[in-house]
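Chain naming follows the written order as A, B and C, and within any one chain the residues start at number 1.
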Amino acid sequence: MAIITLTTDFGEKDHFVGATKGAIYSELADLKIVDISHSISPFNIPEAAYIIQNAYNSFPKGSIHIIGVDSELNPENKHIAIKLDDHYFICANNGIMSMLCSEITPEKIVEINIHDRIETSFPVLDVFVKVACHIARGGTLDVIGKAIETIKPIKNLVPYVNEDRTQIIGSVIYIDNYGNVVTNIKKHFFENVQKGREFEVSARNYKFKTIHSKYSDIVNFDIPDEKRHDEGRGLVVFNSGGFLEIAVYKSNPTTVGSASTLMGLNLMDTVSVNFTAVQMAPKGRETISSYND
Amino acid sequence: MAIITLTTDFGEKDHFVGATKGAIYSELADLKIVDISHSISPFNIPEAAYIIQNAYNSFPKGSIHIIGVDSELNPENKHIAIKLDDHYFICANNGIMSMLCSEITPEKIVEINIHDRIETSFPVLDVFVKVACHIARGGTLDVIGKAIETIKPIKNLVPYVNEDRTQIIGSVIYIDNYGNVVTNIKKHFFENVQKGREFEVSARNYKFKTIHSKYSDIVNFDIPDEKRHDEGRGLVVFNSGGFLEIAVYKSNPTTVGSASTLMGLNLMDTVSVNFTAVQMAPKGRETISSYND
Amino acid sequence: MAIITLTTDFGEKDHFVGATKGAIYSELADLKIVDISHSISPFNIPEAAYIIQNAYNSFPKGSIHIIGVDSELNPENKHIAIKLDDHYFICANNGIMSMLCSEITPEKIVEINIHDRIETSFPVLDVFVKVACHIARGGTLDVIGKAIETIKPIKNLVPYVNEDRTQIIGSVIYIDNYGNVVTNIKKHFFENVQKGREFEVSARNYKFKTIHSKYSDIVNFDIPDEKRHDEGRGLVVFNSGGFLEIAVYKSNPTTVGSASTLMGLNLMDTVSVNFTAVQMAPKGRETISSYND
């Protein structure tokens, strides 16, 4: 049974999500529709890019992902469909897919040309649903568009490395439900530059010398509970998506505070990593390992 | 396979939505449940009316729509089920369905009388689910209630037209996720009064002489990107539901602002349209068309 | 067809919920996934406990409930699976299930030991999904863990009764979407102490002498609508889950106010019930009945 996922900035209140699902079921009764998120900030391309990249590959091969963010058709914002990693993505050519396409080469990209002469202010309903159902029925991308080679990039998505490779300068691309601050520095990128050296992560005036693999790694369970003061402490992890993330243990943005609120870190802020000149060990994993704060 | 949709003011956090879905699946395993919205403002009838009207007809004929807003049974708030446009609606007789019923004549309205002696503070779970599953199994409305002829109206839902038909006085009935301001002036109503004349839409001290068919119509794509200043500009469209809407291009209520926040327009505020005395052309469509700002 | 429900503090925006659903469908195509709530306050155990207790038993027997709140595995936070009331629950052993287990004796509790050597910051995806799909396929709890006898309690969950049984001291455990204030005093607990006596519910300086069975019970429908002033009035009900709740008629936290905002009642605040010394009638139901304010 085909799966169609939805990632939009429609919000939870308006009728747009319900209407889109109704239109899908009106075309095809026998499929599953799964919400990934409808709370992307309006017109926020990097947020949408981050979320679809982290969600899509939990789904079975062959899944069809509709991304409805900044999708109104105009001369500079064409509609595209992409086959990549055996998944299908339908969105506007506005940069949303550039992060994922820079990591995995798409098998096929087409610019959708089924619009005929439809002028619409609701292209997800009027165009993306038709394309998704066409694919769900087993149709090919060639039927609904003409092949293109490249898509629009997003600026500033890749972190900067200085010439002598002693520094990575990244930036905050997402703040999650716990107020944790996600940067654009991915684990394999970090390790390629690190090459086993010691390092210091800096965000505003906060410094970290260890990157953990899970949040409770900072807790010393050998000392009694009442003598610990870990809740509210900052730490750095590679999160489940592989992104370097500045977190606060058991944070809650509306009560005890979070990495974003406590450290004053917002979208687009700079997070840098400085490496020592000397290489330490043949394998850098030690430094990133857990339990050695 | 039957489809039951849910439109409520239950919110996203409480257990009410989950419990309702569990109760439906406990009665009938083989159907689809689709959320339209659970973020209607508590007890807000006009919002619920606007959302169900815009969502329902994307769904297949035969779909069953539960509307759980202000639905506690009492002597002045009876439960009803309506068949209209080959869709079924289950709700309280509190005005929610009056907007839709004024446009499309219902095939049947019944006042639900299966309550027996149940006193319940959760009628969606205890009554509406039973009625919906009865219909989903192919049952008729006659079995669950007695036919009635009319339902309760909502006040001030239809815009006012002055005697010499030179002015429409409408009001704001909904503010959407992008902060766009939706009025109760529908396209066919507008065109019936306009009859080809020039017009001016007024909201507070903002004036508009064109109504667009999509948001990016205000952008001149012939001039270079860096010389454009369209983001944040106001415009008027007939939205995808056919309602006159005052919008801001690429708005975001929490960052750059929106029509609601930038122009100070709130629910129930007045939006008027003034027409010139002279008729212009045999067909008014020119004035409402796109690309002619 | 199996049903898996999800109750988490993941929020509505992040990719966590979508990724979890994708992982379930990747293991098993033929089941239903139902969201109970993803808006539990981060790491809030009592909220999660209240919501799962009120939602689970609307679902068919055999349903599988994943609860993803404070679920990172560590030496003091093991993962458990529980069979209770013919439902399955998968969560961390952090107190979430203690409210329910104190009312209904579990048939089986196991401490999950399929982790192998997985270190993960996303245990719902990496562990709970696997356990849920194992159960959905008809697998037993013995295969995925070793039986244990007891689980961790939550403190202060049960209200206090004084020695001469003239007073119950409870506390606020949940504030719902309407701003209604839910206490930990359940109806059967209340009636066991009351034994037919008159009573007074006190919250801050507000007093109530009646408990209703539904919200509109406070309205006198015999007097004309325009002479009533019921909206915004406080009242006490046993809510649909059987908990004593302080409510405001037709409340809306963001406009007219709610029990929480108008009476200044917050989570953990005290709500007490004082009983008169003298017993009144053999059956206390009269005092709790409706329409007798």
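Heads up, the rule we're going with is that contacts are C-beta pairs under 8 Å (C-beta built on N, C-alpha and C of every residue); 3 or more make two chains touch, one makes a residue touch a chain.
Only a predicted model underlies this, so the values are computations on that prediction, with no experimental measurement involved.
The touch graph of the protein chains shown is complete.
When the CA atoms of chain A are superposed on those of chain C, the rotation angle is 120 degrees to the nearest 5. Centres computed as Cα averages put chain B at a distance of 33 Å from chain C. In chain C, the positions touching at least two other chains are 12.
Of all the residues in chain B, the ones that touch chain C in their complex are 9-23, 25-26, 29-30, 33, 41-44, 70, 72-77, 119-122, 125. Every residue of chain A that touches chain C in the complex is listed here, in rising order: 1, 3, 5, 7, 12, 32, 34-40, 50-52, 54-60, 63, 176-178, 213-216, 219, 221, 225, 237, 239-241, 250-255, 290.
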